[in-house]
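To start, the structure itself, in structure tokens.
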Amino acid sequence: MLLEAQNVAKAFGDFHAVAGADLSVDEGDIIGLIGPNGAGKSTFFNCLAGDTTPTGGRISFAGQDVTTASPEAHARLGVGRTFQVPATFEDMTVLDNVMVGAFLRHPHRRDAREHARGIVELTGLNSVAHSRARSLGTPGRKRLEIARVLATNPRLMLLDESLAGLTPTELQEAIKLVRRIHEMGVTIVIVEHIMEVIMTLTRRVLVFNQGHVIASGKPEDVVKDETVITAYLGHGSRRHRSET
Amino acid sequence: MLFLQVIVGGLLLGAIYALFSSGLTLIWGMMNFINFAHGEFVMLGMYVSLLVVVWLSGGPAAFGFAAAVALFVLGVIIYAGLIRHVMRGPMLAQILSTFGLALLLRYTAFFIFSANFVSLPQTSLSGTIDVGGILMPLAQLVSGVLAIVLTVGLHFMLTRTTIGSRLLAVSEDRNAAMLMGIRPNRMQALAWGLSAGAAGIAGALMAISYPWSPSVGETFGLTAFVVVALGGFGSVPGALYAGLIIGLIQAISAFWLGPIYKDIVVYALFVALLWLRPQGLMGKA
Amino acid sequence: MKKPSVVRPKILLLAACLLIYPLVFSDAFYRDIGVTFLLAAISASAWNIVGGYAGQVSVGHSMFYGIGAYAPLLFYQLWGWPPMFGIPIGIVCSLLLAIVIGAPTLRLTGHYFSMATIAVAELIRIFTGTWDLVGAAIGLQGPAVARGWWDLTFRGELPYYYIFLGVLAVLLYVTYAIERRRFGYYLGAIKAGERAARSLGVPVRKTKIEALMLSATFTSIAGSLYSIKTGFIDPESGFGILISVQMVIIAALGGAGTLFGPLVGALILIPLQTATNTWFGGSGSGLTYILYGGIIVLIARFEPGGLFELWERIAPARWKSGHAA
């Protein structure tokens, strides 16, 4: 078991963003997390990455309790994450962005640079390696975020809607990249709205709604699940009812 | 009896602190933006009062109104010409913008009015009254009470009126507010006007009783920081309580330790606060 | 970033200009401007480490400057020590203050950090004015006549000029070395976004404290150099808010977070300041600060990256030196 989250909860005052969620990830897994907007996926992700401390439950990574560990500690242990809204270092070049990640395992500039070059090549950012991050569009930034995390040599990557907002061609490229990273032996948990991504990439899917995991299983089974369908459609139908 | 007088005096001055600090906290709460020139707005309110008295022989009502209006206009201009352009920029630009403004206003006042202390000539509010054995200058009493009324009024305006809920909507979620047909820029300009106006009228209230020079803005600006840190960033009621508390602490430390220590005690309190509870003691985080 | 080879000759040219300046302009007036320029460049470069590179905008750096300035004269007055003995003592005190202040305040971000630094500096300034041991409001004086070279009390400006130039060279080299190390990349990452930096394993608090300590060290040295040269210090000239303001404005004018930004800023601002002071006499100081305020506002509004970034944008490509193509 690489990552195990038991009964994780996060409340902001009276609002329970995550109300007791479980997740167990084996080495080599590639797992999808889906659910309607505001279901608590991102908050759950933040708990897993150490970005926010859960108000309940327990999280362990590679046998170590990391429930209250800092994001830095998570990174050192091998948990990398991307952000839903890309948080690239705008005034730095693409290569320098990746180098910041590379420095985690390669303290010397020459080695970090070497490592970062390889990652930039792998992620297809070679042509923009010396451009500033701010000059990239959203797809480029999302790709850069993945590259930057990859440079920290993570064992587990948490991808938060890293493939959203891409054109169909870009999407195919990105799916290829994620698959490639997975083949390199990196375990992946991915939050995504695009069902195509979930169906083609993942082997197991967890469905979030109102802070709970309401269903899990193989992607093709989950999409047929009654509770899942109501969770997605229920949104619309409830709104409909309140209007009439 | 003397000690009681010190306490009442401290509370009355604290009420004015509350008034100008509520302006600072309004901007902070709405835009996550600290105005380093806020103390200078108070200082300008004092000089506007002086000019109205000297040139137009206006009374307290006239110069109080003039200071409020003049600073309101200045606040809107500063928002439109400067703040609007830097508030989404780099942190350095955000901080430098109002910091530079503070220097500009302070030394322009210095250049025009010189570094000397000035005070208003006698007004209709001169004299003292006896409240149950405590001798209070009438001016301080009126200013203090008025400052509390205005601060509470600002709070009600923000919480109970349409314009207040629009301001709040912009601070909660700019984009959602836009979808509701609210223009964030207008609301934020209004907030800057209100903030500076509150500082201006606080300046006028203070000018009645205390002498001042261009450099008082720096002290008032820091005092407002302390009040806002104590009362909670973004909370007007918090600013009211905290302003009264700071006024009290200053009066008591000046009384017991000597006048020079009043700022030391308050700044030390500020540093301790930032250390222990950066989100403010009473207000929302 | 491997820099093109045109950079080195330019730096050598700059160094040569600085080295021969006081020999070409031997008039005391011009040498004094030179010394003032170097001191301003040192202070602003020291601020630049934490304010520019790490993006933690301190507006209370006079706290370190003042400690550095007081230490040499304090121990001279107390026990007759040569002022330069005060330099390391000032550094140690500044480092302690950096740790004590940095630990809580660097947890704060953005505006909060600026508010905290300004409050601490003001607190120290007012407190110094009430403390008799350090001369209270009157201040401290250094040796009137040198007892030997070790008092570093010279008649002319020339020795100071070269001492200051040496310190500036060391500081610029340290900054250059930071730029090329992990530390420098981490500072940039923290400035660009703490949350993202932490997610990549950057030890944000430790890195920030280290930057503040390094910055405090050189700011303290700048203060010491100032008080040793002028032989006098009081609360306003040591801890005054305008001391902090000058560091910020010079670095921001040239380009905060760039190696030569503070140098460029000082090169423009110091002659300008001297000119307004000379032309307008007694009222000059007021005008100087109006000018300061105006410049700061204009930078913030139109060119937050400073002149350096403006240059990068408008200059023809062949003149540029910085980024690798």
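Here the chain labels run A, B and C in written order, and each chain numbers its own residues starting at 1.
The working rule: a contact is a pair of C-beta atoms (placed from the backbone, for glycine too) under 8 Å apart; a residue touches a chain by one contact, two chains touch by 3 or more.
All figures in this text were calculated on a predicted structure; none of them were measured in a lab.
S.K.: Tell me, please, which two chains come out on top when C-beta pairs in contact are counted per chain pair.
M.R.: B-C
S.K.: Going by C-alpha centres, which chain is most central here?
M.R.: That would be C.
S.K.: Starting from the mean Cα coordinates of subunit B and subunit C, work out the distance between those two points in Å.
M.R.: Those two chain centres are 32 Å apart.
S.K.: If you average the CA atoms of subunit A and of subunit B, how far apart do the two points sit, in angstrom?
M.R.: 46
S.K.: At which residue positions does subunit C touch at least two other chains?
M.R.: Not one residue of subunit C touches more than one other chain, so the list is empty.
S.K.: Where on subunit C is subunit A touching in the complex?
M.R.: 1, 180-182, 185-186, 188-189, 192-193, 195-204, 323-325
S.K.: Would you tell me which residues of subunit A are touching subunit C in their complex?
M.R.: By the definition above, subunit A touches subunit C via 49, 51, 70-72, 74-76, 80-81, 83, 87-93, 96, 99-101, 103-104, 107-109, 112, 130, 148-149, 152.
S.K.: So in the complex, the part of subunit C that touches subunit B is made up of which residues?
M.R.: Of all residues in subunit C, those touching subunit B are 51, 55, 57, 59, 104-105, 107-108, 110-112, 114-116, 118-120, 122-123, 126-127, 129-130, 241, 245, 248-249, 252, 256, 283, 286-287, 289-290, 292-301, 304.
S.K.: For subunit B, which residues are in contact with subunit C within the complex?
M.R.: Within the complex, subunit B touches subunit C at residues 32-34, 36, 82, 85-86, 89-97, 99-108, 110-111, 218, 222, 225-226, 229, 260-261, 263-264, 267-268, 270-271, 274-275, 278.
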